[in-house]
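Both complexes shown next keep chain A, but they swap its partner, so chain B is in the first and chain C is in the second.
After this line comes the complex of A and B, so read on.
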């Protein structure tokens, strides 16, 4: 049952990616034909695909690193403050977490709006447009992604830190270790399994980012400069009804994510860690 | 060993799935052999910003239809324009729940025909007495490979809106050529830096194409199945240059205007943020509802030569019969009634939709001077997108907006951007056949 639920969609995805399957085939205007790897060949021959792939990898990496840094820093902060500020921080983070991605993206866009946004007014930037430049648009999306995904990291890591015996931390503090030193040499190794889980989670999330890019850069940015793989697949599959090409992109994404996860787990196991 | 065991289960499941389901679903959309004379006809029309006047006209048509055909009933549904693509695709995928008659955008004709969704009504259309007054461009928009797949419902064209108060204050003349248009736009911006001179959009394909057409360029050339893009021809490049040179701090700053679409430019004009804009007859109510009410006028968009009119894109909607209908005779009759001269005249009064019949349109212009510049634009010649199934794909993958945006944002020069766009279009033309 479980296998069927998991495997069947992937099987269909793989199958469609090997066929000529556009709207004409779905609605019976033309027969479905088997294409072998022609869809993949077309995809790999398309320079735009490689450009989008590179942008996706770099953007996802930046998002993962920023999310983890912010999440872990705030988790440590949570353990160091008193109950009331902790509650406030928790609530604020949960609010960000609970905000639907579309709402969050729209609000961030409004904050940075060239005509009405408060950010430009505070920074005195006049009517500077944040979504015009490629990097500034990506940066804006990165802020939103970090904002809506750090709470998961923060809460999970906070729970992990709480499970570390307080004597260990006290001992480290008595030995005169700095905050950074305690994190690097004591906390991080002890909660490693948790860090692994949140890292993999973040990699998967950020690699598959869709809503934020779609909403904030209006479907891929000026002259498609902000396309990432998922939006690119959507454009191919649904906007222009080339379902087979979209499926091929989906399969490529699946393989990349599987590979990243496997390599990561493998590396950890080499270091003698059992999850 | 452990790994192999773990692998075995999914592989087995895969094999099992392979046995039970061999291929993704394909629905049978062959035309139905049945032609029932009674029963319920389902109709999908588009929702409008305010649908009520449209509904009243349609209700009248439906009442007359039901009276003429004993035992026939009509159920009309108004579907939102934004999600029409999914709805209509779904209807093609599942003929059982599909409507019998639909309203559809005229740029979608060739795509829907290729998808196997629309019924060929050539014989019915040619035998229809009113059809001979249909204007030729409107007829082209229902024709694919010489066959007719529907009846034109209304047309829409764009023209130049300008602010009479601003022109008067600055002592400006209404521009008579594209060069004068650019000069006037820059004068407005220079005198009033908080206004765009002529508000333009990098994603506003149908506002940009008149510049290309006026310079003698074309999106693509060809007949029947085979099209070849000519967007990189010298004439087309001249038009692209003319349009993209309007983006800049001296008229419409690229940082803001590059991402704008047609609606954004009309919104800016209606809010009093622009001296001029390219808007359609269908934008009239939006502008009337804005701050600039009573302070604007409309003229045809000028061409290259002084006093000429730039060819406009002939947009609009058609009414078609679905191939899968089980009430073909009834559906065709309903299509004719919905697209008849009388209905179109009433729809013009109710909604301002421009009729597709030249004689009905002439009468409308007499009654309502507002639409005169649009009728002038229509009679001076209009252009249509390539009647190829590839057009839907080209449109959806934003080939033309991307080209304009690449030039506007300085990523590529006109020659390179248009060459790349032409290559992408040719890919689509050759794969869609």
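After this line comes the complex of A and C, so read on.
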């Protein structure tokens, strides 16, 4: 079944990306024709594609780094406090985690709404619109993405730190190591398998951000300034019925993610870690 | 267990204070969501938003539940999510056991495949899946939602569960074997209970992805609205130019609460579960 529902569509995706496939072919009006790599050529010749690609990579990298930094910092913080604050933070994080992407996006939009949102009131920004500028819109989406994805990192890393014997940490503290030094030289190496998993997962998830961008910037922002690859593919396929171009973008995304992950695993293996 | 001992008192108080402040900040959007759901329409759309309301009302909820067949959407979502959780937990358990306990050709390839499968942008796969569902005559049925969700949650579930199965010592299997337990008896009566916390942790992910999805629902349920799910009901209230914030927030609250309950129920197992998954 896994084969049927995953491998077959991936194969189809690759196939469609090589064909001429638009509304006419779907309804059976015209026969499908084999195009070779013409779709890819068209894609690569489009300056918008490169702009979107760059935006996606930068945006995803920013999301991954912020999510990991916030998640790890809070995980360390969790081990430093007593039960009550820990429970409070844990429950708040679980709440953020449990929030569906679509509801999270609408709530953050309301919070930052220029007319009715509390954030502008608190910051005294008047009716400044966050979704108008390209960078502030990306920043808003980044905040939402970090908000809903740091809990996974935090809970996982926290669980990992708990598995490190406390004698080790006490010994490091007695030797006069600073908090940062303990994290850098003791904790991070000991829980590296966990960090690997959360990093790979974060890269995969943040590179494929869809709902947040789609809902918060209303399908790609003003003049398509906030498009990321995933939304771009969806727009191409379903809004302008260019299914083959959409599929080609999907294949490109898949290949990029694959390359990133393989390089990462290769680096790990060189350091003597086994998959 | 805990590493509190060596932290000096003022530092610990500062850490606790910041933990509480962060908890408040993180929880604030959720609070605002629930608050806005209970606010009367005039107060939501006021230019002086207040963090409380003196006249809570159920108007927004009435609008949400008054929507045609809202209960039906809720039930559909629940059926899809439960079916996905049960089926993917069962399959993932068996598959994870297979890839950790047996050495066979292409084992590493298979593991990489599970990782690759997670990278495929689901949005792009919607196109071929649509044609697949059409050919199977599954369009407009809940099956069209359940099957793809199982397929998409499995790779991650297997990947996570692998660590748990690995953590169970091989000696246990040998001991069970010596005591005369059959393979299947070992699988269900010994391995299954040991791996259970991990199953719970991975189920959380399958549940969320099935519960939250609106892409498949939007693409595969085209004409028969009685088969639609909750996120579609939410979208009715959200129009980019003139959003009905009260309705959106009430629907969001209704949608978030079941997930929250599920999370709080499994909270403890989740922490120990995620720890075990990656400890190998």
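Rule of thumb we're sticking to: the second predicted complex is superposed on the first by the 268 of 275 C-alpha atoms of A that agree within 3 Å, B and C clash if a C-alpha of one lies under 4 Å from a C-alpha of the other, contacts with A are read in each partner's own complex, and residues count from 1 in each chain.
Please note the rule applied: contacts are C-beta pairs under 8 Å (C-beta built on N, C-alpha and C of every residue); 3 or more make two chains touch, one makes a residue touch a chain.
Remember, predicted model here, so these are calculated numbers, not experimental data.
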{"item": "Chain B versus chain C as contact partner of A:111, first or second or both or neither", "value": "second"}
{"item": "Chain A residues touched by each partner, larger count belonging to chain B or chain C", "value": "C"}
{"item": "First (chain B), second (chain C), both or neither touched by A:16", "value": "both"}
{"item": "Partner chain(s) touched by A:241 [first = chain B, second = chain C, both, neither]", "value": "first"}
{"item": "Partner chain(s) touched by A:128 [first = chain B, second = chain C, both, neither]", "value": "first"}
{"item": "Contacts of A:200 with chain B and chain C, given as first, second, both or neither", "value": "second"}
{"item": "Partner chain in contact with A:218 - chain B first, chain C second, else both or neither", "value": "both"}
{"item": "Contacts of A:45 with chain B and chain C, given as first, second, both or neither", "value": "neither"}
{"item": "Common interface positions of chain A, toward chain B and toward chain C", "value": "4, 6, 8, 12, 16, 218"}
{"item": "Residue numbers on chain A that touch chain B, as the complex places them", "value": "3-4, 6-8, 11-12, 15-16, 19, 21, 23-32, 114, 127-129, 131-132, 218-220, 222-225, 235-236, 239-242"}
{"item": "Chain A - residues contacting chain C, complex", "value": "1-2, 4-6, 8-10, 12-13, 16, 74, 77-82, 85-86, 88-104, 106-108, 110-111, 115-118, 121, 147, 155-156, 158-160, 162-163, 166, 169-170, 173-174, 193-194, 197, 200-201, 204, 208, 210-211, 215, 218, 229-231, 233-234, 237, 243, 246-247, 249-251, 253-254, 257-258, 261, 275"}
{"item": "Chain B residues within the chain A interface of the complex", "value": "9-10, 13-14, 17-18, 21, 23-30, 89, 92-93, 111, 114-117, 202, 254-256, 258-259, 389, 392-393, 396-398, 402, 405-406, 408-409, 411"}
{"item": "In the complex with chain A, residue positions of chain C that touch it", "value": "1-7, 11-12, 15-16, 18-20, 22-24, 26-30, 32-33, 36, 44-49, 51, 91, 108, 111, 115-129, 131-132, 147-148, 150-152, 154-156, 208, 211-212, 214-215, 231, 234-235, 238, 240, 243, 245, 248-249, 251-252, 255-256, 259-260, 262-264, 267, 270-280"}
